[in-house]
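Presented below are the structures under discussion, each in the form of structure tokens.
Two complexes are shown next, each including chain A; its partner changes from chain B in the first to chain C in the second.
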Partner chain A sequence: MKVGRRAFIGFVAGAVGGTLLSPLPWKLTDDIAIWTQNWSWRPSPKRGHRAGKQTLCNLCGGACGIEVDFINEKRAIYVRGSSVNPLNKGGLCSLGASAVQFLYAPYRISQPLKQTKKRGDISGFKPISWQEALSEISKRLSQLKQEGNGKSVACISGQRNSSIFALWEHFFKAYGSKNIFALPEETDGWKLASMSTFGVPEPCSFDLSRVDCVLNFGAEWADNWRNSAPMARILASLMKEKPGKPVVEVVHISSRLSMSATKAKEWIPVKPGTEAALALGIASIMVKENKVSPDVVSFKGFKKWEDASGKTRTGFKELLLKEYSPDKVSKITGVEQRKILELARLFANTPRAVAIWGSGGKDCPNNFYSDLAFVALNLIKGNFSDNGPCFLQSDPPLTPLPEVKEGWSDDLRRLDEEAGWFFPFGLYSNAIYPFLDALSSGKGYPIKVLFIQEANPLYVLSETQLVRDALEKVETIIVMSSFMDESAIFADIILPSTTMLERWDDVCNISKVPNPIYAISAPVMEPIFDVKHPGDILIQIAKKVDEQVKGVFPWKNYVDFLKYRAKGIVESKRGAIADENVELCSQAPAKPNYSNLKEFLKKLSKGYVWYDSPEPTSSRIKTMSGKPEFAISAFERSPKKPEKDEFFLPAYIEIKPAGSEKEYPLMLSAYSCSYLASSYVPNSYLMMKDLWDFQLKGNKGFVEINPVTARKLGLKESSSVVLKTMKAQAKVLVHITPSVPEGIIYVPKGLGHKAYDEYIKDKGINIGDLIEVQVDPVTGLGIEGPVRAQLIRS
Partner chain B sequence: MSEKHSSNTHEEHGKSKVRYGMVIDLDKCTGCMACAVACHQENNVSFRPDETDKTRNIAWMRMYFLENGKEYPEYRFSYLPRPCFHCDSPHHTPCTFVCPVNATQRDERTGIVNMIYPRCIGCRYCMVACPYHARSFNWWDPTWPKPLEEMLNPEVSTRMRGVIEKCTFCHHRLNKARDKARLEGKDPDGVEYTPACVEACPTGAIVFGNLRDPESEVSKLAKSPRAFQISAKLKTYPKVYYLSKEPWIRKLSDKGL
Partner chain C sequence: MAQGQTKGSGNLIVLCAFLVGFIGALIVGWIVFPKVLYSKKFQPIDFSHESHQDSDCESCHYFRDDGTFSGVPNIDNCIECHEEMQGDTEAERVLVEEYIQKDKPIPWLIYAWQPDNVYFSHAPHQKLDCVRCHRDVSKEKSTPPVYINRITGYSKNTMKMVECEKCHAEQGASNACQVCHK
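Our next item is the complex of A and B:
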């Protein structure tokens, strides 16, 4: 319920006055008393002993410790955060707190199903046995492999940071396909920025435990900056006043006043998408005022440099001074020159100052050059020195998977490559949109079998129509999901999966946390339906494909596989199991406090996590020069490369959305909230309950508009409008708020489902339907920038 | 400001050394709503397909939206999580005062304002009397689509159509903690326990405890210069305090009083 300043006070005074002075007549009370006696039915839950079981939540790919309360060890009734876990230290997020609602959700799938009618017709699903389903699938897979058509099998997984993704990759390697993708994440782009700068595809991470100043370029930590609960805890504690210590300066830079922005010590509004220009403006002043870390001078591309062909190219220093002077940056970003100088000096003069960045809460990749710009700003500050605060993530020392001898042949190409897409960083890229584009346009080769594992791409990805067109082209869609979600409805075969509380999973590393992390989410109960872990399904299928694939799948089941993986850590004798007193980010070396695998797994299955100290960046660098590089060396070896010098360096690139300004005078962008789920797991019943009535009213969703824009368009609060983009249109209500800038309108992610049940279905709009994805020409990643839009009064 | 009368009132109920209370730090709160989800999960708060009419839906922990009234880019906002304030005004709270059938009372040993559902005749006087909109009315019988009934908590009875419900400070958790203390031969009065919302909060924004124990974190925070109560001058003496360093938020709380 929205309560403005006047209303807030108004109802308080009004309500009390009203009641005390004019009580209702007694007669009315009698009537109500009679009426209330009609208690028809109310459930009374069975009594019993309540006790908790410890495990780990991984609903968002994170690793928060939780305790699940059971009645008589049978019914799961409640989830609390567990304090033994150094990531969440006791709290959790609204998704984690909802875990039992997903377990008992009426939209769960209880047995394997096969579509007998037209694809997408939910009434056509007929139960089949597990045996039938699995043998049908493995027969088809062995047939395709025999025909030498292994590449026509693809997978979209929604569980990237778990060993199941490694298992899929392993399977595809043995089977002979490169078409394995994950749901996009912001860090997809970070990996490639690291690949360019450091020669390793590991995302940047931050030790925020000992910083004095944070310049935050759109990392919406209080809205959605993976992973919610730990990030909220870490950032909120930064802002806490500690006696005798100055408060950490957290400056937020973005165009929309998000929760993270409103929490910051200072908010610098910028024109949308220009955060990178400001970062370069700050770097430029640091260069001009000689405030750069001394080692930077020797990094390739800082000064004039010679590329592989012998051509001399502009250096980053020169580019900064020329193109990113305060006056130019001020014009691009809308930030006053004085302010840019002030920020630059704050950043340069605070000993431990760090720049963090994000995608404005959308958790999708940024354009390549802007990720590079933020990395460059940290480099100039010397933040990648061995004690941080910036690090490259490093993987826990898990047992490597068995070697695949007859793996990918030399001429095997991913579908997008076959279809003619080329990206200098394509090899390391999660190029899911180019893949879908190739699929939908029938280019390359046909996809015969597509596995969708707990990903729900038909809702989670943007450009829903493209995704649908692509899926239409697939011969057989096999969906592994716990829920009858949009993608499950579109399946030919559904293999229902266990939910978090019923299964084993692991989590390898946590976004933005510099320490290598390993954690295990153990089941706290038996599955309540005839469902299986996707990992178990995959292992069973793999064993039936042929002898060659079977040969590299030595595991009995998924638990066996997880033990095999975890053994590597125990044998490495590295790291330690963290308890509640460990401050993860800190540099204190971790001393092993476990002795064997059994003990290790036992501890981890209770929500403890294994961690190691972050590895110094200097020991990780794999560039040709042996140092970080500003120059994008990959272009030198690439058949396609840009013309201009400035595209060989970190830069601010303006991304122009399609469409005419005349027809579509507004810009539309998506945003995220911490209390709305926009990935594979939907909003829970109780999350839907808490939604603001200015985000959902009845079944109507809202578009957020600045008061000035609203006035110009003659719109009032709750006016009905049609929101139209080049992709689609939708009916929405208007919410007028000064949190958004003029001319730009916003819609939250996480609503507008077309599946599940009446509590979620058809509530609000799915912004993904309206958004256009632009493919980054360097990385192949899909960027969900703002799109042109218009509002039509209805 | 408000702290002055509050510290006095909690002393007025001389008999008990216990006054459970809460402090919610709005500077820390990120509006993630985990507290509300956890509360409603723990307390079997029912839900319906359409929960968007906030004058009709049931919420024990409800979020309010505060704005500083300025334009972009000076505009700022904050969420304000609101449980029942378990008012400590002498003799009666606004709600207990008007209840014709004693269906809602304050337990003077703990200061908790509770609800006796079977007594409630649904007149909704208390709902109107509560200055903080903490009370919700069951306009419909609660139902949970199968198999969601499995998740219901047997320690909290489900309510029925025609009665009022609200935050109980997780009273059932207190009772359990008291039982445990008794079994262990300890003094059950003033035992420490944690309500669901408090344990859920990822940023530690909610602190709960005995306001009369000068050593408790909650009593110390309630005396913080950042502390305030909502509409303190109504003399309802809320036992829920808020913390904020933002002058505009603090001003909202007592503006016009």
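Our next item is the complex of A and C:
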């Protein structure tokens, strides 16, 4: 059959008609449109099988359970809070939620680097092999040790609550140096307050699950009162109304109307830095109205007492009644007498009332006497009794490290001691600022090698110029960091470290939680670069230094070391592995629910935590009298004794800032937000997007001032000004808000980096550049109190 | 007459050719095209929903504390009952030996993977029956294959926008772009 032209046209017409009546053209058009969404150059998450892996986040030193989603088991894409962990129960802070951004950040360091040009010149870094780097470092350390100059090696670590700090201490003990420091924390001061009051350097902690009233003296628990997610959860549970249960009375006492203050039932504004005076005023009224716990009468220093030399000194009771009457406290704090009486009676008459305190969100140590004042208020209330809500936080029973026989010699002294600094609590103190001061001024002995492990002191510590001056005096700076941060840029050798998702770590205790806690952060993926865990680096170096150091480092690697440590808990047969149903703060006894180390580690590596019941304070006390003491006994053994009796007791001691009031009529203080990171890890891209437009506009940072201050200075919203202190000056914009008191300038912490990438570098100002740190004469800790400042219109 | 016969047979040929083209195109469009368009993939484990009737749906498909939906469960759920073999099926053997004991996530294939530009949350849709959008699995003895569109890369069951819009209109929910596309 011959098919003609007409038949062909008929066929085509039929085919076209049939096609149009089929889904083919319509589906194809639609699919092609969808296909265009998937062009390779379009930014889009990698497609594939998505599944989560459980682990633990320790980015802030906490232990929050997390679940990390992966595509095809390779590419991490998302982090969420895991509900199996009793601390965060599904909650997560913005730092933890950014773990994937830190992992793939363009400012990560991918291989060991050595500076070949002038220190601080980023273009001078040249790659070297791990073997070269470690060999060079261990040769130098061997040489210094052989020369008997081990003390000239120092370390600043950014990981305090992990076993790696214990490993550093162990190394320094074996190597022969006492110059080991950590980034300052609020609880540095708490430990020393406990040392004075209870004879043990164990920080206070609180059972907040069974309280009826909380007087909160500047603990910014909705923002940055470590650790964010668990604290936010506890705060939310206190605020929640439940049938048959009265709402917990939460009173926030601070100078700035912070996020925590807005969530409290009542906010009591006080003059900056006077919270301790109010605490003593409340204690004074309780003493006057005879509402103190009966047993405090027998505590050393409550009544008139005799010091070691036989001299009779004023008691705390007398001091309170004489110096902290409502009228005097009202003048110091600016709080009305009527309100002070009201607060004192609320605290005294509520059966389970607790006083908590913080550093206004700055997470730096308080004045020693302030910490003592808050401890004293809780003592007077009887909160440290065996049924009370306050505890001393004891350590989990980890395996002790091997004994170092040829350790520190008797005449070995820390650099700050050698340079003439003396503190009654110096032995227990993290006196990093006196160390840096001695180093920068060239006093004592020179530091030849400084290790900086995941700390970034050139940004995190205040008085940036002092830190820079000190680092310039060091012969060799070795930085272990995942990121090209300010301190890494200043290094001579950079040893790149793994990030949280790529490594094993542990967490020993959680700040403010009374239970001993142990948790493990297990890797959920292989390292994406040629990087190592700082613990592995340290073990490798230790094995090469000499036979003596090698002898006390029996571990193959850091995982082996962690297993060694965790074995102690398993062998103690104490505590239990907690899941989401456990309320950690409770004092319910914990029964072991694990049988061997393998099972213990397997469970913990999935984001669960080990906990034990908190020990009653009475069993922890190690003072000479066997009871808590108001009197500061350390002064009795100190060669430098204070003159006045009040310096032997909890008191309000004002540390006056430097500078003239005439030249610098305003005061400058820092504040923290939950969405700003001010420690080793920088703000993530996610966090930068969370900032308000009154905190950062383009690259310009803001200062917050009261409308009255603004009016006096003739400033309007977003006015451009120069913020000047005795240390430095910076150009900023003004944000006018009644949430800050008159005469005070507030600046957020966590901005103004000089490193990383275009999204973080030069955004806002670093308040650390402007602040002057005052060294506490009792503890040697650096206090970041308000400093004098002025605003100049520009 | 002869000319007329020729013309008639010619028309018949044209009609036949038209029908051949028409029917052929329909066959290609309705039968061949879908087979070519989709690749057929099988789940790594032949899961039986019917065998799990003693559990609630929420035991495996649950809302997390933060409001997100767990979706398809993985070994963390399965291990609660299947840390050891309970029966003697091949599917359970694969689950226990290949995944649970090796601590390896199960690479489940997703039937309703949404495009990246769609922000869908299960939380506001909790009041709807699951079968409003998903297939009824209650009596399913084995998992059906997953058909993946070779052009788009999405599953055949991925819901189209019109379905979302229709339901939103019925429920009185907004159909504004930014509700689903951020």
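The working rule: the second predicted complex is superposed on the first by the 751 of 794 C-alpha atoms of A that agree within 3 Å, B and C clash if a C-alpha of one lies under 4 Å from a C-alpha of the other, contacts with A are read in each partner's own complex, and residues count from 1 in each chain.
Please note the rule applied: contacts are C-beta pairs under 8 Å (C-beta built on N, C-alpha and C of every residue); 3 or more make two chains touch, one makes a residue touch a chain.
Owing to the predicted nature of the structure, the values given are computational and were not obtained by experimental measurement.
J.: With the two structures laid over each other on chain A, which partner does A:Ser44 touch: chain B (first), chain C (second), both, or neither?
T.: Touch partners of A:Ser44: chain B and chain C.
J.: Give one of first, second, both or neither to describe whether A:Asn149 is in contact with chain B, with chain C, with both, or with none.
T.: neither
J.: Contacts for A:Val100 in the overlay, against chain B (first) and chain C (second): which applies, first, second, both or neither?
T.: A:Val100: touches chain B, not chain C.
J.: Check the contacts made with chain A and report whether chain B or chain C touches more of its residues.
T.: B
J.: Using the touch definition from the top, say if A:Glu73 reaches chain B (first), chain C (second), both or neither.
T.: second
J.: Output check: A:Gln54 vs chain B and chain C. Expected answer is one of first, second, both, neither. What do you get?
T.: second
J.: Please indicate which partner A:Asn557 is in contact with in the superposed arrangement: first for chain B, second for chain C, both, or neither.
T.: Neither: A:Asn557 stays clear of chain B and chain C.
J.: A:Gly91 contacts which: chain B (first), chain C (second), both, neither?
T.: both
J.: Please indicate which partner A:Ser572 is in contact with in the superposed arrangement: first for chain B, second for chain C, both, or neither.
T.: neither
J.: Can A:Ser618 be said to touch chain B (first), chain C (second), both, or neither?
T.: neither
J.: Can you pull the chain A residues that chain B and chain C both touch?
T.: Residues 1, 3-4, 8-9, 11-13, 15-16, 18-19, 23-24, 28, 32, 35, 37-38, 44-45, 47, 50, 80-81, 90-92 of chain A touch both chain B and chain C.
J.: Contact residues on chain A for chain B in the complex?
T.: 1-5, 8-9, 11-13, 15-16, 18-20, 23-24, 28-29, 32-33, 35-48, 50, 71, 75-81, 88, 90-94, 96-98, 100-101, 103-106, 222, 228-230, 232-233, 236-237, 239-240, 257, 259-260, 262-263, 267, 269, 528, 673-675, 684-694, 696-699, 706-707, 737-742, 757-759
J.: Looking at the complex, which residues from chain B come into contact with chain A?
T.: Touching chain A: residues 27-28, 30-34, 36-38, 40-42, 44-45, 47, 49-54, 57, 59, 62-73, 75-79, 94, 98, 100, 120-125, 128-133, 141-155, 157-163, 196, 199-205, 230-231, 234, 252, 255-257 of chain B.
J.: Which residues of chain C touch chain A in their complex?
T.: Touching chain A from chain C are residues 10, 13-26, 28-30, 33-34, 37, 64-66, 68, 74, 76, 104-110, 115-117, 149, 151-154.
J.: Which residues of chain A touch chain C once you look at their complex with the stated criterion?
T.: 1, 3-4, 6-19, 21-24, 27-28, 31-32, 34-35, 37-38, 44-45, 47, 49-54, 70, 72-73, 80-81, 83, 89-92, 606
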